Each structure stands twice: as structure tokens, then as C-alpha cells.
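In the two complexes below, chain A is the common chain; its partner is chain B in one and chain C in the other.
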Partner chain A sequence: MGRLIAIGNLRTSSEIDDEFYLGLPKSLAPWDAANHVAQFLSAWLENTLKQRNFDLDSLNYVINELMENAIKYAADGRIELAVCVANDALLVSLTHPLQEAHAKIYQALAQQVFEADPDLLFAEIIERNACTSTEVQTGAGLGLVSLRQNYQAGLAFGFLQQDNSQIVQTTTQVSLPWQ
Partner chain B sequence: MSIKTQDYQAHIDDADGRLILSGSLRLNAAPEYQPISDLMDAACVVAQQRNPAVLTLDLTELRFLNSSGINLLYQFVLKVKKQGGLGLRVIGSNSNAWQPKSLSNMVKFMPALELVMT
Partner chain C sequence: MDAQTTELRYGLESFRKDWRHCTIGSNFLAGTHCSSPQNRELASTAINEMLELAFRAGADASKSWVQTQIERSVMTLSLDLTIQDSLIEELSGAIASFHLGPERYFQRYLGAESPGILFGLSFLVHDLSAKVVLSMPVNALHVRVHLPLLPSPEPIWED
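After this line comes the complex of A and B, so read on.
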């Protein structure tokens, strides 16, 4: 049995009809995989999204951001990306394993990003980074905040931990409303 | 002074001292952006010797910037503001979808900053 903690309106597979899945092991995900995946999916969905007057560059940024975070922080295991063309929005979900300790940190960050005023949180992160050395500056949260701030994205998060496991399957779900 | 890679280029224009960033910037976190940050500092030194002392940051050909790069830009704006004595003009392009979204907040961090979107 596992325990799922959800932040926001996390849509699960049972609620979604059609999804495009792409999965790869962390061990085969170099840094530029984020760019390649973002470019591939944007090209794959180009016709569908153009019919809805949807900005492809926005999808490219979202996928790149989620993939970069996964490549940076995921524990060994699979990085899985799902894109769904739903009635009300384009849903982009990325799931990857995290060590329990890292998952707790991310869960706290996710809660903050979900609840805070995005403009205020963006400023707070920038100001906080200004007071730290380059080596320890982290963009943690900045990318997620920018999705809310600049792309009117809805965010939801899921944290699934199986009993007796120190690994938490973490899902970040971005909902991009149709214009 | 310049940095040129397969993905991006950063250089200080010899004619007018503007700092031009072009291409696609997706570096992994702040330490990897340090060479560009150093170039930005060098551009400030060049601009301070000009009259008026204004640094132009030309982003019109910067097609993509990840969140770590956005952090770099905003850290630079804060640095210029804190140091004082130097004006900052940022030129962006509406044809790069990320720019109208991500650059508009700069004036909140530095009200004297001039943002020009072409």
C-alpha cells in the first residue's frame, strides 16, 4: 500500500482519456535531454496546438523546465513525461523518483509555490539568491513560479510513497489553459 | 570579449559597447552561467567609461532562456541597481515568446531601467 499526498487539483490517469507518454531512465538523461524532449514534443503536437491557437514556445518552456528539474534532482529510476490534450487545458505531467529527504524539501517548496502570490514569491526568490554565493544559488522554485506568473499555469503536485520505501514518486503537473 | 558556443553567443559590441546575448541559453544552474556573468561585469566597466553611462543589454536574438538564466538576468539588474552610477537599457523582441512575459518585471526591480520591446 502507498500513501499519496496531493497538492492542488492533481488529475490522475483515471480522469484523463488520451495521454502521450515518454519515459527514459535517469541514467540516460544528460542535461541536453531536456531540450531534445521539449523540441520533440513541441514538434509532435504542433498541428494539434496550432488548431487551438496555442503558443508552442510556451509548451517548449514548460517541458524544458520540468525536464531540467528532473535531470537535476531525480533519484535513479525513470523520468516519465505525459502530455494530455484535455477539454479545458493542455496538461503536462512529469513523474520521477526522489529520495525521501529531497521529497520533503520539494513538498514544502511545492506548497509554497502553490499558495503564494507568484509575483511576491518571484521577488523573494530573486532577493534571496542575491544574498547567496553563486555556487549555492538555486533556482529552486523560480521556474515553477515563472509558470504561474508568466504562463497562467495551474500547478498540482503528487507525492506517492510505498510502505517501507525511502523513494517517493513525485509528480509535477502543469495545466496550461486554452486561450 | 566574447563567448561563442554551438548554442549561444555573448559578446560586447566594439562599436557601441552593448552586450548582446543570442541563441538559446539553457545552462545548468548559476555556476555554469558565471562566464556570462563575468562578461556582464566587463560590459558594465566599458559602459561606465561612456557618456552617458548606460549599458544596453540586447536580447533581441536570444530565442530561449531557462529559469537559471532568468535568475542570472535579474541578479544582474539588482547588481547594477545596487552599484549605482550606471543606467541600464534592455532591448527585447516580442517575436521571442518568453521575453514579453519574463522581462516586463525587470522595471519592478529597477524602476530606472529602460525596457524596449521591438
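After this line comes the complex of A and C, so read on.
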């Protein structure tokens, strides 16, 4: 048995019919894989998105942001990226394992990003980072806030922990409204 | 699933809207697993044939899977696909004839009347030793290829 904590309107895999799914081991995702995957996905979905006048750069940015976080923080295991072309929005979902300690930090950050005014939080993080040494700036949340601030993205998060496990399956879901 | 496996799953309907998906997908998957140009080229060629098979023969409103896995020095590629009803007879006939050998499959399947899937599938079977299973009545096609990878990333022209 496991326990799921959801922040925001998290859509589970049974609720969505993903058009595209990519699962790869973290060991095959070096730092530049974020850009590699973002470009691949943008090229793959180019036609579908152009039909809806969707800006491909937005998708590129979102995938890059999510993949960079996964590459930086994920525990060993699989990184799973799913895209669903829904009626109201493009839904991008990234799931990966996190060590329990990292998951707690990410969960607090996710709650903050979800609840706060994105403009105010963006300014607050910039200010905080300016006063902090670079060594402790990791996980500041600027990337997630920028998704809300610059792309009007809806965010949702899921944290699934199996009993007696130190690993938390973490999902970040970004919904980009059709323009 | 094995943690060292990369899996790509996609809806056939939108996949078949753009022929370039075959190249985009094969270049990505081969590049993810192979650092040496020779291995990448070999893997990309095989994956591209598989994706072209899905493009030509896949039933709309279904999904297809491509998996790539490296274990020791062998790369295993798998394709799972639901075939269009109209192609089943021809495909079953082609699969039954594979044991006859590779002779003249170029001439046999390159003609204008012959569906491209038979040429691509023959290439996978005869040149890359692919194993092919067609399961009826669900029209499920499974193709698996084992590619021995070159051990060294050194360019072959240095010999």
C-alpha cells in the first residue's frame, strides 16, 4: 500500500489518455539530455501543436525545465515523461523517484509555488538568491515559478510513497492552455 | 520494467500525420543509447525501419511501442503494433515466406504494387535477423532485433 499526496488538480494516469510517453533510465540522462529531450518532443509534436497555433518554444522551455530538475535531483530509476493533448490544454507530466529527504523539500516548495502570487514569489526568490551564496541556492524554485509567471501554466504535483520505502515517486504536471 | 530500458509509446493517429516522425524518433532513441557514430548509425537504421513499419501498417486509434535496451554489448530493439485489417493477409503471407530465404526480396518487394511494409520487414528479418510474431485475431505484431554493438568507439578507418 502507498500514500499519495496531491497538490493542485493532479490528473492520474487513469484519467488521461497520453498521446506520447517516453520512459528512460536516469543513467542515460546526462545534463544535456534535458535539451535533447525537449527538442525531440517539440519536433515530434510540431504538427499537432501548429494546428492549434501553439508556440513550440513554450513546450521546449517547459520540458527543459522539468527534465533539468529530474536530472539534478532524481534518485536512480526511471524518468517518465507523458504528454496528453486535451481539449482545454496541453498536459505535460513528468514522474521520477526522489529520496524521501529531497521529496520533503520539493513538496514544501511545490506548495509554495502553487499557492503564492507568481509575480511576488518570483521577486522574492530573486531577492533571496541575491543575498545567498550560490552553494545553497539549489532548489530555489525559480524555474517552476517562471512557468506560472511567463506561460500561464497550471501546476499540479503528486507524491506517492510506498510503505516502508525511502523513495517517493514524484509527479510534476504542467498544463499549458491553448492560446 | 528493467531500469536500463528506454520506451517510447505513441498514438498512431497523430504519428502518421508526419513521415518525419520516423527519423526524429530513430535519431533520438539511437542517440540516447549509443555514443559511437557506428553504433548510432546501425541502431538508427533498425529503429527507423520499425517506425516506418508502424507508420505504414499501424491501425489508427491504436498505440504503438518501441523499446530499446542495452545489455552488455547487445542492443535489443522491440516494436509492438496493431496492424490494419486490410494488411493482415499480405503480412501473414510474407511472414510465412521468410523461411524461404533472402533471395531476391529486393526485386520481389520493391515493385510499385507491393506495399512498402513487406520490403521493410524483409530487410529487418533477412539483414538484421529480426524475430517477427503476428498474433491473431488481435492483429498484434511484435518485432524484435538484437544488434551486436561494436566494442570500441574508435573510428574504423584507423586500422
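Heads up, the rule we're going with is that the second predicted complex is superposed on the first by the 177 of 179 C-alpha atoms of A that agree within 3 Å, B and C clash if a C-alpha of one lies under 4 Å from a C-alpha of the other, contacts with A are read in each partner's own complex, and residues count from 1 in each chain.
Operating definition for what follows: a residue touches a chain if its C-beta (ideal position, glycine included) is under 8 Å from a C-beta of that chain, and two chains touch if they have at least 3 such contacts.
As the structure is a prediction and not an experimental result, all values here were calculated from the model.
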| item | value |
| --- | --- |
| Clash-or-fit label for the pair chain B, chain C on chain A | fit |
| Dominant toucher of chain A (residue count), chain B or chain C | B |
| Following superposition on chain A: angle at chain A, chain B versus chain C, Cα, nearest 10° | 110 |
| Touching partner for A:A34 - first (chain B), second (chain C), both, neither | first |
| First, second, both or neither for A:P25, with chain B first and chain C second | second |
| Which superposed partner A:G8 touches (first chain B, second chain C, both, neither) | neither |
| First (chain B), second (chain C), both or neither touched by A:D119 | first |
| Chain B versus chain C as contact partner of A:W44, first or second or both or neither | second |
| Which superposed partner A:D76 touches (first chain B, second chain C, both, neither) | second |
| Superposition-derived minimum Cα distance between chain C and chain B (Å) | 18 |
| Chain A to chain B touching residues, read off their complex | 31-32, 34-35, 55, 57-58, 60-61, 64-65, 68, 72, 119, 122-123, 126-127, 129-130, 134-135, 137-139, 142-143, 146, 149-151 |
| Parts of chain C lying in touch with chain A, wherever the complex brings them together | 1, 3-11, 14, 17-18, 20-21, 24-25, 28, 31-33 |
| Chain C partner contacts - residues on chain A that touch it in the complex | 18-25, 27-28, 33, 36, 40, 43-44, 46-48, 76-78, 85 |
| For the chain B and chain A complex, residues of the former touching the latter | 24, 26, 28-31, 34, 37, 64, 66-68, 70-71, 74-75, 78-79, 96-98, 101-102, 105, 108-109 |
